[in-house]
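Two complexes, one shared chain (chain A), two partners (chain B, chain C).
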Partner chain A sequence: MAEAEESPGEQEAGMPRPLFSGLSDISISQDIPVEGEITIPMRARARELDHSTLNESVRHTIMRDLKAVGKKFMHVLYPRKSNALLRDWDLWGPLILCVTLALMLQKSSVDGEKDGGPQFAEVFVVVWFGAVTITLNSKLLGGNISFFQSLCVLGYCILPLTVAMLICRLVLLAGQGPINFMIRLFVVVVMFAWSVIASTAFLADSQPPNRKALAVYPVFLFYFVISWMILTFTP
Partner chain B sequence: MAAADALAFHEFEEATNLLAETPDAATTSQSDALTSREHVTVVVGSGIGYGAEVVEEEGDRASLLQEEKPQPRFWTFDYYQSFFDVDTSQVLDRIKGSLLPHPGHNFVRYHLRNRPDLYGPFWICATLAFVLAVTGNLTLVLAQRRDPSIHYSPQFHKVTIAGITIYCYAWLVPLALWGFLRWRQGTREHMGLYTFLETVCVYGYSLFVFIPTVVLWLIPVEWLQWLFGALALALSAAGLVFTLWPVVREDTRLVAAALLSTVVLLHALLALGCKLYFFQPLPLEHVIPAPQATLLSPSVLLPTSARSMTTF
Partner chain C sequence: MATPAAPASGVRNGAGPEWGGFEENIQGGGSAVIDMENMDDTSGSSFEDMGELHQRLREEEVDADAAAAEEEDGEFLGMKGFKGQLSRQVADQMWQAGKRQASRAFSLYANIDILRPYFDVEPAQVRSRLLESMIPIKMVNFPQKVAGELYGPLMLVFTLVAILLHGMKTSDTIIREGTLMGTAIGTCFGYWLGVSSFIYFLAYLCNAQITMLQMLALLGYGLFGHCIVLFITYNIHLHALFYLFWLLVGGLSTLRMVAVLVSRTVGPTQRLLLCGTLAALHMLFLLYLHFAYHKVVEGILDTLEGPNVPPMQRVPRDIPAVLPAAGLPVTVVNATAKAIAATLQSH
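Coming up: the complex of A and B.
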């Protein structure tokens, strides 16, 4: 080891030597052991290496996930240009929202077979297949957002429409009528605009600039269909 | 170092020879011959008198860009990404071209420039299906305002029916048309041909004019609805006929006339079917709820049916 360091230092100042010529002078004597251990200082990845999440209480685990979901709800309600929804995506929030919406939207069993509102499965299919189609569309147009990130954003941005559904059901308890309808129309339109603005705040940046409208239009159509299902709901 | 000679720029002799031989040919057809897909074999000098210069300029650039990339296989994502390679301005331009059909401007040559996309057909069909269902429902709401005996319901099943109908029409009819044209091309060598995707594109963009028409069908005036329907059908069918005419006129007159009239007839059937199914003036099954209602006198009919509706 020590011999390799000496030869490059022996260059004369005047004569230029070709590069790496000193390497041929290296020799390792037989009695120096060349084995050992290499340790690389790892980055502190406490979450993965720390196995104590197995030992924590169930309440702690559930609260951690619920807090993550709640934090994302806040990001949707006050949309700013932040990466929180995109970086730590999860699909719990969209699932909760979709199930709530489908439960509230399904038609009552009193209605006839043919006419009536959507079934639970129909709402579920519309929401999830609509989200998958929009994600595929934005990826095919050349966006650099991953599949599940996009599903996460689209699912979370249904939150304003779910709130609209809750308000509509409460308003419908007071009986039907034109004023009733105007209130519901106003609430649904405001929440629809909120959903579209929230989702475009997250999704529009990932598209190439000359295709933003092509990627945003299907989102508009998707939330329009959900808003129409909410508006035409009759108990 | 290496000999400087080999690094000097050499002219591409093959391309210049080809261009010298056939000065009229659009260069897009040359590059398309390199790809494995079937493309239009342009008949030199016959159908490309109009807009040839514009096509050649764009075709030069497009052919240079197309020659560089290897063709991706159909099971890779990139293959499908090549069909979504459009900008917002291009899609809007294609929509405008379908709204105003011009006998001189072939839609495939002039607007698509042999680069079909799947974005337009897919989302226009989706929009049309949803707009049909929504406006059909709205018609029922407006009818109920005027006549309280009609029972209103959200009718969500119409979304499914509208979607299936529109998508089947926009994808199966171009498939049949393309298959028929290919079969005819087998018997005659001079006919040009559109690829399957170009046919789907033409049909998809031609359905765009129905979207504002369907919204205008909310107006409850009967003759106005038929007028709008006829206008939309004329525009849409004209676009289709003008696009298909250069391909079909090489064939016998009988086959050409039969093909074009079948295309127009199918289009008319679609428009008529949508109008009658989604915009029924009165859903009859709700006005007469029970058999004994028909035995009562007409003056008693309305209050009893209204009462039985509210107890539903």
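Coming up: the complex of A and C.
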């Protein structure tokens, strides 16, 4: 490499020359390896996955996706400051949760046929448009989270409220009354707090530090509306 | 070791692009290879990179023509010609693709970026503006300052929606499930956007100095009083309490908005028109929110259980779906008609 270094030194006094013109005369000694793979980590992994997942069985694909969804459920139930939900976001979990919630919130009464349809659509629209609004709000406030990552987190954090819905339906099987109502109120409030804390744990890091409260408040309202729909549901 | 780049730089005089050294030494269109590599890079989706590349290619062509005119060696001309044509075509294709992609993405994201400066607030600012919205300032000779932000008003509208749902649901759980959300959202957003536009139009007629954004922000923060009143009176169902809060809290937030508008309008008739309209609409909206949703429920419950149930003892209960069974359209405007219909139905 001594040859390359001499040339810039010689040329300093002369007129300015184009860049890289001195590289053409570098001689490479034998013991420095110049062969190898240029690996760009993300792209290479994606291509590798493409080739290898095309030939696997359907059961294997579904199990892999279900395991990913299940892993994220665990992250929501035990919220720690981790990047798992953000890094490998997917929208399967939110879809499953939203459809489950909307199906359970439907009334099964016969004399309310007109109300059966809008009920499902109402919950669906509230969940998805609420999540989109919160995402836009946090982006406008200067957060550096992507659109789908935020949708993913908000959707997954509906899990505690879905569990609350299941418990409420079971409790309602025992009949209605003030004690019944108090139990349901307690369960829904606890799950609501859990949802808000879980989503805050994931979303708060993406906001500028002094504006966390501004981004958390609409999340609070969103889960409040869903909790209210769950609490006031009567079959 | 002598540098072979010296003759090249002598010819070009540093006027060409930076790949000058390679061009002279590597056969077969060396700088074309480098240009293509540059294009294969992520700059395919970057507007500026393509523009810069296109510009550089055009410059290169101009330089190539200029150099070819001076240069006697035909070998260089052939190389440049080949490189120019091929790379120009590829560059054009990439340019078109990149431009299309970029303009699509830009038109999507530009809509968000237009609103970005209106969301540039701190929590302390929002808190202070919320408190100030209840304090009228009596300064009518100079235009009062109105903060032009949309975060606070938007959050207040959503809070009002949530409070309305809370109020509707505790009284009326089953009958209007399908339209509960829609009614609440439509009412609140319709009021905020509709009345703001209407008052802005009146302000234009009355020659008041206020922009649409300021009007939206002013009315949005004026909903803070509504939120407080409704939150308290949906939980404590005393009419006297409601009237007191309506006058006090509603009146304060209306006075604040009126003072701002008066300070920005000239002429007594214009001031009266503008401020009278706003005051009437704002106070009547609070009245409507409390009584329209409240009355329908009261009417139904009174009919079904008799008038001797005191209002404090309402709990969520199964209310048989009287109105949908009768096929009557469900609106919350005329409470008396509904009460009558419910009475007729149950006989």
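The rule is short, and it goes like this: the second predicted complex is superposed on the first by the 178 of 235 C-alpha atoms of A that agree within 3 Å, B and C clash if a C-alpha of one lies under 4 Å from a C-alpha of the other, contacts with A are read in each partner's own complex, and residues count from 1 in each chain.
Just so we're on the same page, a contact is a pair of C-beta atoms (placed from the backbone, for glycine too) under 8 Å apart; a residue touches a chain by one contact, two chains touch by 3 or more.
All values derive from a computational prediction rather than experimental measurement.
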So, A:137: does it touch chain B (first), chain C (second), both, or neither?
-> both
Considering only the touch criterion stated at the top, classify A:61 as touching first (chain B), second (chain C), both, or neither.
-> neither
Residues of chain A touched: more by chain B or chain C?
-> C
Should A:228 be classified as contacting the first partner (chain B), the second (chain C), both, or neither?
-> both
Just chain B (first), just chain C (second), both, or neither: which does A:218 touch?
-> both
In the superposed arrangement, does A:18 touch chain B (first), chain C (second), both or neither?
-> second
Touching both chain B and chain C, residues of chain A = 107, 111-112, 114-115, 117-119, 122, 137, 139-142, 210-211, 213-214, 217-218, 221, 224-225, 228, 232, 234
Residues of chain C touching chain A in their complex?
-> 1, 3-6, 8-9, 12, 14, 16-22, 25-26, 112, 115-116, 119-123, 126, 151, 154-155, 158-159, 161-162, 165-166, 169-170, 173-174, 177-182, 315-316, 318, 321, 324-325
Can you check the complex and tell me which residues of chain A touch chain C?
-> 3, 6-7, 10-11, 14-25, 107, 111-112, 114-115, 117-119, 122, 125-126, 136-137, 139-142, 176, 178, 181, 210-211, 213-214, 217-218, 221, 224-225, 228, 232, 234
Complex contacts: residues of chain B adjacent to chain A | 77, 80-81, 83-89, 91, 119, 123, 126-127, 130, 134, 137, 152-157, 312
Which residues of chain A touch chain B in the complex?
-> 107, 110-112, 114-119, 122, 137, 139-142, 210-214, 217-218, 221, 224-225, 228-229, 232-234
